[in-house]
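Okay, so subunit A shows up in both of these, paired with subunit B first and subunit C after.
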Partner chain A sequence: MKRLRLEAPQLIMISYLVILAVSLKYIGIPYMDMINDSLIKWVMNGVLVLSLVPMINVGAGRNFGLPIGISAGLLGMCIVLEFRLEGWLGFGVSILIGSIIAILFGYIYSIVLNRLKGNEEIVGTFAGFSFIPIMNLFWSLAPFKNRQMLYPVGGQGLRPKINLDGYFGGILDNFLKINIGSLTIPLGLIMFFFILCFMVYLFQRTRMGIAMACIPENEAFAKLSGINIDRYRRIAIIFSNILAAIGIIVYSQSYGFIHLYDGPFMMAFPAVSAILIGGATKNKATVFNVMLGTYLYQTTFLLSVPVANALLIPEMSEIIRMIMTNGIILYAFLYEGVRKRNEKV
Partner chain B sequence: MIKRITALILSLIVIFSLAACQNTDTEKAAVESSSEKNVETENVENFKIGIVTPTLSTSEDEFRAGAEMVEKYPGIVKHVTLPENFNAELETGISQILSLADDPEMKAIIVCSGQSGLLPAFEQIREKRPDIITIATMLDEPELMAEYVDISFSTDWVRRGETIPKKAKEMGAKTFIHYSFPTHLAKEAVAQRKQMMEKTCEELGLEFVEIITPDPQTGDGPAAMQQFLREDIPRQIAKYGTDTNIFGSNCPMYDVIIDEALKLKFIVAEQCCPTPTQAYPTVMNLEIEAEDLGNYDKINELIAEKAKEAGMTGRLSGWAMPSSLYVPKFEIELAKYIIENGLELNEDILNEDFLGDFSAEAMGVRADFRALDENTNNYYLLVLESVYY
Partner chain C sequence: MKRYNEYYVPIFFLILSILGIVAARVGFNFILAELYARFVRNGIFLLALIFPIMAGMGINFSITIGAIAAQISMLIVMDIGFVPSLGFIIAILLSVTLSIIFGNIIGNLLNRAKGKEMIASMVIGFLGTSLYQIVFMVAYGTVIKPFNKDILLTRGIGVKSMLDIGEYKDLFSNLLPIRIGDAEGSLVPIIIIIIVGIIVHLITKSKIGYRMNSVGENMYLAEKVGIHVDNTRKIAIIMSTILASLAQIMFIQNLGILNVYTGHLNLDIFASAALLAGGATFKKANIKNAFIGIFLFHTLFIVSPLAGQNIFKNPALGEYFRSCIAYGTIVFALMINLKIKTE
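And then the complex of A and B:
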């Protein structure tokens, strides 16, 4: 039986969320609108958070190199737009192309990470950051021909933002939308998220998934049992990258724009914070952690800015946001450090 | 093996970026050689106008303005660029400007750069060649520029605090929403403009609403800010109705603001940096053909068409072209006019009405000029005429 244990981060976030929700009543923002927004925001970021799971479970750390997988997804979408594929076809093909590119990127990324075991998080962060300028070079020089994507003045290089209206903007958001009174449930979007979550869950239950999970538990033992550690790590890293590519496609269709150049720059930190709030540890993350963490984290953000604006301390919302994002990551590191020390004693 | 592959990839990247850089170099060289060709044919003409701008990579608009004018008036306009690394090579910049004054046929020198520190060049020109007309748009102290430069122009960012609410009211707004964030409001020009807007709104009877967004310069970058706008704008429109004008103080905001405007039908009287090439092409998925690049009339037409499709005619507006492109072109036209007609720099030219009329005639878009203060008659602040989509 699974016992639902709430740790300090979740408790802090939930109480903060409750305070915000109560103050909403006083500033006259309708609850229903907020719930509708929060559902979309949940899934929009959820897939990106989900992409962290395979890497955490194989012991390759929280993927701060998320921009690499994201770039693959962005590239997939740009190629689809170049051929002007619309609607479900465009959405499907961009996931397909994005995944293929993610396999390639993930393979290279896994070579780097397998050589630097133990430092994956730092290496990953820098790999992600240094990958962005390479992609910037690519965006500005790539020979795309669709004029809806090119800079309006010079006519060369992709625009920083490309509109998805008329292609597949909002395609999942509006799929199977159910209205119950003023409550709008984007069923299609949520189902898509659940299917992906279920796939990750099933993967964890397969022979390979279980073998992967035992690598971070005891690497020497795993090796002696005949598990090819590097190979499993590679597969997990590639899987993470594919999910990240799908994640950015889901994010973009909801957001309405493809955000190139420095867009993916700061996407890794909120995702990592979210999964930590959900209760993931360094070596173990479940699909449930992803769902809970993303909802708590994103809803807090959704509520904090309007509330802070109404209470006339707008600057506070930013400060609290930053304390949350970075503080939770710091907390997780400290928590692990303390536990490790206790284990030694 | 891995080492070799890495080395290979690295060297490929280096070669690739070299080639990429070269590309712009040849472009620059092409412009320079074309201007040199013009120099040869120039002997037919009996006067020249020199324009100094930053390089293409430093400031695209000014550079393209200079390059376009060379094409428009071959043999008359001579385009020179300041060094790339401007601040470290101030002396080179000054000697670039002075080199123009060595040409006996040179009758006017125009300097357009968003930098300061080039004033000594103007002092020397005045000593050496008092007959040359100097025109400048720079960031030096306005009082000093008024003293050393014959005519100076600058875009009037603060006065827009007055003109934007007025225009919003004309377009039917009852509420004026101002989106900004702490680090931006700490800038003097932005804060002054906001105060001005607040004051003007009060005078006009518009409700002024100030909303703070997540800060893109700290924290998670522009994405968080844009996401907030996506969520907040529908709320505000539900609260204040569609007769609301939305102004954001930061350029990346406009992708979302204009996109939401097309859906929710509120008013956008002017962008923070008004130009048809900002946000509109992205939001409206404009397809600008290769031959239409830089053709602002055509781009404005495309925008008006899309606005009509969305039922937004008369609710979107902006400037017909970016002022950083407009000002250098206008200055060249003005210098040419003065020289061709053998006019003296006196009150006939240095007054707000003449400049306004001349801008409408020469550029097709009227600019509204205002002198710096009562005692200065050669430093003008300008605001461009609006286009309504």
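And then the complex of A and C:
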């Protein structure tokens, strides 16, 4: 049975959430609006967080190289916009193209990570950071022709924020929307998320998934039992990248824009933080961790915006968000260090 | 062939720089003038990275915390309002004190995260930036009452994002004036950097330097020999933080403007990329690498936007190219160094 680990970060997070929820009452913002928004925010970021799961389970660390998978998804969406595919066709084709590109990127990324076992996190961080300028070069030189995507002046290079209105902006958000009183449930969006989560869950139950889970437990043993470690790691990394590509497509359709250039620069850290809040450890993450962590993380920061505005210091919510994000990641590193030392003794 | 191994990366950067200079079509004097400014501003940052590398902790990305210490002390000096010459000395003393405190904290944290120092120091840098922002953006004016109301934003909460410290900029201007390229400058900052470089070199050859080296070679053996590993690592981080804060004071003094919220960002990336361009690895770095690296890397940095402008008619491309070079150098170094370690 999954037991919810309650440690310092989770406790701080939950008490912060409670304080915010109480103070909302005094500001006079209806709770229903916040719940509606929180459901959309949950799924919007949830798929990106879900993409970390396969890599953690294969022992390849938390994927700080998320921008690589994200770039694949962005590229898929840009190609769809170039051919002016609208609605469900556009959404489906962009997932398809994004996944194909993610397989390619993931394969290259896995070659790098397989050479450097044990240092995936620092390598991934810099691989992600260095991939963004390469993609920036591509965005400004690529021969796209659709005027809605290009800079208004000059006609060369994609604009930093491409509007998705008229293509597939909000297509999942508005699919099967149910209104109960003032509560609005985006059932289509949540179902899409659950299907993806269920796929990851089933994948963990397959023969391959179980074999992957035993690699971080004892690598030497896994090798002796005839598991091709490099191959399994490659599959997990590619799977992570595909999920990241789908994640950014879901994110963009909720956001209404495709955010190119430096948009994905800092997306890995909030995702890693969210999965840690959900209780994932270094080598084990479940779908349940993803759902819980994303909901807590995103709701907390959704609530902090109106509270900070009421205090007349709007920057505060963003700064506290950064402190929480990085503090939780740092706590995980320090805590793991201590536990490893205890095991050695 | 093997003994030239360490020069491959510098030679690669030299070739790139020469190609960049040809493509940018700029005068030699212009490059020299820019190099003078960049040498003065960034020189000590590279020296700050040497000690943690010797102690086997990889690159210390939390030199941003040292830079933050310098910015805090500069802000306090501005706030109280000393005359420049006295204020400069007080700022240096204050920033050294602050960086000893911060360095101690970072050293303790990194000792708990052995084997993951690089990513942990990076996260510490981000976290420190946010804490610094909350102090100066939110607490200043609400909790802390400044002496000098001019440094606050008009709403009364938070420090302005840019402060002019023009009087500090003229501090060295009349001492030992020289002309380098198009720039009129003073020799004093260069002398300071060279003195700091010699001090760093002497420390690496001293007893504490040898201890750091042996901790970097093999932590367990060093502990057996009787070296206090945790303390040695902490000292390396503290010295690195102090040097970083001195470097940031030189930076601010030379620039004449204190960018309160953005002045310290990305310093770590560029400093480490420059050091690696000079032929350093994660195991071995000395002041020679630092001084070679700063010239090669920053030459490339100066010419690449101009080259982008000339070749593609788009200066943004050169900008992307140079950030690609900065991050790419670190990825390349990671791949080379960690691969050797696993073998």
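Going forward, the second predicted complex is superposed on the first by the 336 of 345 C-alpha atoms of A that agree within 3 Å, B and C clash if a C-alpha of one lies under 4 Å from a C-alpha of the other, contacts with A are read in each partner's own complex, and residues count from 1 in each chain.
Heads up, the rule we're going with is that a residue touches a chain if its C-beta (ideal position, glycine included) is under 8 Å from a C-beta of that chain, and two chains touch if they have at least 3 such contacts.
These numbers were taken from a predicted model, which means no experiment stands behind them.
Colleague: Taking the superposition on A as described, I'd like to know which of subunit B and subunit C A:137 touches: first, second, both or neither.
Modeller: Both partners, subunit B and subunit C.
Colleague: Check whether A:256 is in contact with subunit B, with subunit C, with both or with neither, and answer first, second, both or neither.
Modeller: first
Colleague: When the two structures are overlaid on chain A, which partner does A:270 contact: first (subunit B), second (subunit C), both, or neither?
Modeller: first
Colleague: Taking the superposition as given, does A:322 touch the first partner, subunit B, the second, subunit C, both, or neither?
Modeller: A:322 contacts both subunit B and subunit C.
Colleague: Which partner does A:121 contact after superposing on A: first (subunit B), second (subunit C), both, neither?
Modeller: In the superposition, A:121 contacts subunit C only.
Colleague: If you lay the two complexes on top of each other, which residues of subunit A touch subunit B in one and subunit C in the other?
Modeller: In subunit A, positions 134, 137, 141, 269, 315, 322 sit in both the subunit B and subunit C interfaces.
Colleague: Of all residues in subunit C, which touch subunit A in the complex?
Modeller: So the residues of subunit C touching subunit A come out as 58, 109, 112-116, 118-120, 122-124, 126-127, 129-131, 133-134, 137-138, 155, 157-158, 269, 312, 314, 316-317, 320-321, 323-324, 327-328, 330-331, 334-335, 338-339, 342.
Colleague: Which residues of subunit A touch subunit B in the complex?
Modeller: Touch residues, subunit A against subunit B: 29, 33, 37, 41, 111, 134, 137, 141, 147-148, 150, 152-155, 159-163, 165-166, 255-257, 259, 262-263, 265-267, 269-270, 301-302, 305-306, 308-309, 314-315, 317-318, 321-322, 325.
Colleague: Residues of subunit A touching subunit C in their complex?
Modeller: For this pair, the touching residues of subunit A are 64, 112, 115-119, 121-123, 125-127, 129-130, 132-134, 136-137, 140-141, 156-157, 269, 312-313, 315-316, 319-320, 322-323, 326-327, 329-330, 333-334, 336-338, 341.
Colleague: Could you pull out which subunit B residues touch subunit A in their complex?
Modeller: 2, 13, 16-17, 20, 60, 64, 181-182, 211-215, 218-221, 223-224, 226-228, 230-232, 235, 255, 259, 277, 281-290, 293-294, 299
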